[in-house]
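In the two complexes that follow, subunit A is the common piece, with subunit B as its partner first and subunit C second.
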Partner chain A sequence: MWAFVFRRVIYNIPVFLAIVFMVMWILSYRDPVPAMMGKNASEEEIQSKRVELGLDKPLAERYVTRLKEIVLLDFSQELWTMPGLTVGELLRQAVPISLALTLPALFLTTVISVCIGLISAYARGRWLDRSLVFAAVLGMSISFLVYIIFGQYLGSYQLGRLVNRPIFAIYGYEPGIQNWAYYMLLPVMISVIVSMGYNTRFYRAVMVEETTQDYITTAWSKGATTSKIMFVHMLRNAMIPIITRVMITLPLLVTGSILLERYFGIPGMGEALLNAINNNDFPVIEIFSSIFAGLFICSIILTDVLYAVFDPRVRLQ
Partner chain B sequence: MSKLQRILNSREARKLFRDKIAVVALVLIAGYLLIALLLMCGVLPPKAYADVVGPSNSRGLFLSENAEKRYEIARTAMLGKVKRALQREDVEVALDEVHLGWLRVAEKPPEELKSIVEESLELQRQLKAFERLDDDPDAKALLTAFEQKTNQLVAPLSGADYFMHNAALLLGTDAQGRSILFRALYSIKVAIQIGVVTALVCVLIGALLGSAAGYFGGWVDYVVVWLYTTFSSIPNLVLLVIIAYAFTTSGSDAKDTLLPVYIAFCATFWIGTCRVVRGETLKLKQMEYVQAAKTAGFGSFRVLFRHILPNTSHLMLINFSLLLIGAIKSEVILSYLGLGVKGQPSWGLMIRDAGNNGDVMTGFFWQIGTATAFMFVLVLAFNILSDALQDAFDPKHL
Partner chain C sequence: MTTSEALLTVNNLSVGFHTDRGDVTAIEDVSFEVRAGEILGIVGESGCGKSVTSRSIMRLLPKRNSFIGPQSEIQFDGHNLAHADERTMRSIRGDRIAMIFQEPMTALNPVFTIGWQLDEALKYHTTLDKSQRHQRAIEMLKAVEIPNPELRYHEYPHQLSGGMRQRVVIAMALCCDPELLIADEPTTALDVTIQAQILRLMDQLRRKTKTAVVLITHDLGVIAQICDRVIVMYAGQIVETAAVRSLFKRPQHPYTKALLESIPKTGREQHQTRLPTIEGIVPSLFELPAGCRFQDRCEFRQQQCVDQEPQLGEEVDGRKVRCFFPLSEA
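Let's look at the complex of A and B:
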């Protein structure tokens, strides 16, 4: 197995190199200095700022420097717009917050939509299945942003008015586990509802595929109970698509949380990235997107390893 | 039998057309496309969606407003404008310039207008004495008189103007007093434009790269796979945001162009199509008819373009539909982040405005509701169509 992991890591090195280069190359199309200096800056001031930030060097040189920093996990670069704050410190603040938002959301989404997928596949073709499928398509056709806006309106504002005390925060964040439900539960629920449509459809298709397999027919004719067939036979065999799906959803949750973090004012990774974009903070953009990509590559490799763990028929080679 | 007839008579097409919901979806999409085409021909003048046509945040369907709002409307609609125009030296010209959407000042001599304005202001002064307008019957009567008086300042509308004025107010106005209906209608053009351009370019890139990778194998395959792994290793939205940001010009030379949006979408969305077409090509390459074509001595390009690519067209069609949905939905997100559409209305901007202005918090749902409904119908139709296409062409797909 370790040989497999090692080979996959080697294979993904050019991918990672390309990502870092791509981000820097895209960013090189924008000159952040005039916006940072304001309207009244003279040509010399702009030029000296450019030298100070290292933007006068050619792209290749900046690329090598940045790559070296990322590979050595050296995140001590200071933010351009907030001197004193390093990228590493920003990461240390933002990562736990983002995880507190995305991990519960991912867990709940997966459990709930696998269950609905099972029910839907069990009732295939009947009205229950049809209405579930139709509800999923309806849910998928509404913009994420609308869910967030109405989620905030109903969850924070109307619910708070109904019981005369705030249940969920409208905006803002405070650290600490005791504050988690107040600030995070509503965004988590919105995130779950949004991803439900896609996931339910997918898991239903997986389960339906399984129901047509021979071993299910065998199990039925043996007289196995419904719950045993659904939860033991089918779920066990549907594990590979489920794992793949969860792993593919991981980076998607990061992106999903960008909007949620912005709208609810939660200072996670997404919010930090957006702030960096608004402030033209190139080091943060470059390092954050490299970290996103690195995590994605790791999760893909992990997916393959998990295949072998959950399905002994899969051989890693 | 012409080629079109052959396509329409194929087993898959018949299967598609038997699905009644899919046909409804097709009709809806055709309707949207027609509106988009008409808008591209300039049916709706910019005045209709960019100008102030009424009071801010007025309700749609001509629902009655509460007394406070009615007072606000009567006070701000024409009274102030006419009053200011009357104070100018060139009264005639100034009065001629006053307009609110399609409403204009009544053709009365300035003296008469002046007396109406003064009487209105007198009524307004009396109204100010009341603290709450809703409960008091006296206040209500006074308010009605005030409304009637200010209405005398407005020239009666007729014909096309009357129709346009009422259509503009049909679904209410946004915070700046612009017509919600016309903005939502114009957004159809923006959405279709973004969706079609993105989907076309992405399907083209994806199909070409994917089929080349699958067919030639070797280093071509390696490079293409490396390329799409690279692009898909950054979360979609992060890449979208970075590209849109990098190509959006800032500051004084900012232009109202959709180019950053196109670049961002085209660079990110081709991956799915590429992956699917590559897989299909790998499968088709082994088929006897391709082997036969190769044995017959046809060149690679001929085999690729005449024998393999046409047989992946169903995948391209399905992906086209899926990409369109993706583009329309991502536009909303980019617009919310301030990196999307600029200088023209779009559903994303409307939803963003409704969220940011606190429309929703104050219970004003007309703007967000209209934009969501317009978008919902289009995206739902494409979702249903994609499903039907998938059922018809690719039933084994998960």
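Let's look at the complex of A and C:
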């Protein structure tokens, strides 16, 4: 297995190098300096700023330097927009905040969707199933923004008025576990509701596929109970599609949700990246993209490894 | 033939399906009995209702889209399985009535070991502890002549060949000593050599355990090899039932006769002629003709066959036939 992982990592090195290069190459067409210096900067000042930021060097040289930093996990570069703050410190601040939002959301979404998918598949064709599928399609047909706006209006404003004290924040963030529910619970719920439609439909399809398998009939013929069949025979076989789906979303835990973080004023990774892009903060953009690329590659390799864990037919060679 | 008491009595069994084109009756008025220790064959073309019959006995048809007629009775040890509740069925399935399926490649769960799957059946129906169950599972694997049972116990289905998997399925079905074994085309997916081995094995085991067997097949050769009695089904009905010997010697229903004629024979005089086939196909359940269901393909059709529907006749010499003009000589 380790040989497999090692080989896959080797194969993916060119992919990683290409992604980092493409990000830097696209950015090289932008000139962030004049905007930084304001209208009245002289040509010399602009030029000396360029030298200070290292933008006078050719792209190839900057690429090699950046790669070296990334490989050595050296994130001590200062932000261009906020001198004094390093990318490493930004990561340390923003990642936990994003995780506090995305981790509970992914966990709840997956558990709830798998359960609803199972129930729906079990009741296939009956009114319960039909209404669940209807709700799922309805849920996924509504825009994310509608949920955010209605969530803020009903959850924060109206609910707060109803009980005469704020239950959920409309905007803003404070660190600390005791503040989690106040700032995060509403975005988490919105995130769960938004992703539930897609996920429920997907897991239902997976489970329906399972109910028609011959080995499920065999299990019935052995005298297995409904719950044994659903939670042991079917779920174990359904693990592969479930894992694939969950693993693909793992890097998104770290990237955070740009929409939710922006609308709720949560200073997570999504918000940080968006600010960096708006302000041409190259070190942040480059390093964040590299980290995301690395995470995606890792999650794909990990998915393959988990296949072998859950399906004895899969051999890693 | 010993007239031992019936183990399973099926009376008036009719099963239908809800489909997009409306409800359709898949089998109608099926009545038969299985006696302890015998092998009863059910034979017929694809779609004639063999599997529906067997699955109804186990109540394995999806509740979602199938229904069993209210008059139907499946009597087994004081229970009417046709309308028994799920609890009762669960205690009978795998314990007193077991089943073997057609496709050994897919009948075993790919993500659990052979041992786990054998153990599961024992766990549901016996009070044995873990080590006793392990011992019993190994015993069963030995009984179905699987080499290296200790090793196979820990292997997954994909590591076994089709024949070996079918042996595992048989071991699984027989591990709780069922009184009745339903084998739904157990050898169809296997090649001829393996087929012969499996049939011999089933025959041996049921002699040892006195298990009655309902063997479903479309292969009259298989019936001839091991069955005691045989039921011929056509388009959801029983058309003929008889002891195997007399059926082969003197088929009474034109369909049975046609089936027998379409078996390839090894003999010099047969070499030059084309193998006879039965012209046409089984009528769709949505467009069953009035009168006899076999009329369109029958070489002996009379006007009465078109006008009236024949009923399964009274038992004469241990055989019944659904035909106005049963054949007297082969």
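Here, the second predicted complex is superposed on the first by the 311 of 317 C-alpha atoms of A that agree within 3 Å, B and C clash if a C-alpha of one lies under 4 Å from a C-alpha of the other, contacts with A are read in each partner's own complex, and residues count from 1 in each chain.
Operating definition for what follows: a contact is a pair of C-beta atoms (placed from the backbone, for glycine too) under 8 Å apart; a residue touches a chain by one contact, two chains touch by 3 or more.
Note that this is a predicted model, so its numbers are computed, not measured.
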Superposition on subunit A - do subunit B and subunit C clash or fit: fit
Contacts of A:Phe6 with subunit B and subunit C, given as first, second, both or neither: neither
Subunit A residues touched by each partner, larger count belonging to subunit B or subunit C: B
Touched partner set for A:Phe202, first subunit B, second subunit C, both or neither: first
Partner chain in contact with A:Arg313 - subunit B first, subunit C second, else both or neither: second
First (subunit B), second (subunit C), both or neither touched by A:Thr217: second
Which superposed partner A:Arg126 touches (first subunit B, second subunit C, both, neither): second
Contacts of A:Phe107 with subunit B and subunit C, given as first, second, both or neither: neither
First (subunit B), second (subunit C), both or neither touched by A:Phe231: neither
After superposition on chain A, the shortest CA separation from subunit B to subunit C (Å): 13
Residues of subunit A that lie at the interface with subunit B and also at the interface with subunit C: none
Subunit A partner contacts - residues on subunit C that touch it in the complex: 58, 60, 64-65, 86, 90-95, 98-99, 101, 103, 106-113, 120-121, 124-125, 156, 158, 169, 172-173
Complex contacts: residues of subunit A adjacent to subunit C: 124-126, 213-215, 217-226, 233, 236-237, 239, 310-313
Subunit B residues within the subunit A interface of the complex: 226-227, 229-239, 241-243, 245-248, 250-251, 329, 332-333, 336-337, 347-348, 351-352, 354-355, 360-361, 368, 372, 375-376, 379-380, 383-384, 387, 398
Contacting residues of subunit A [partner subunit B, same complex]: 12, 14-16, 18-19, 22-23, 26-27, 29-30, 34-35, 137-138, 140-146, 148-150, 152-153, 157, 202, 205-206, 209, 241, 251-252, 254-256, 258-259, 262-263, 273-274, 277, 285, 288-289, 292-293, 296-297
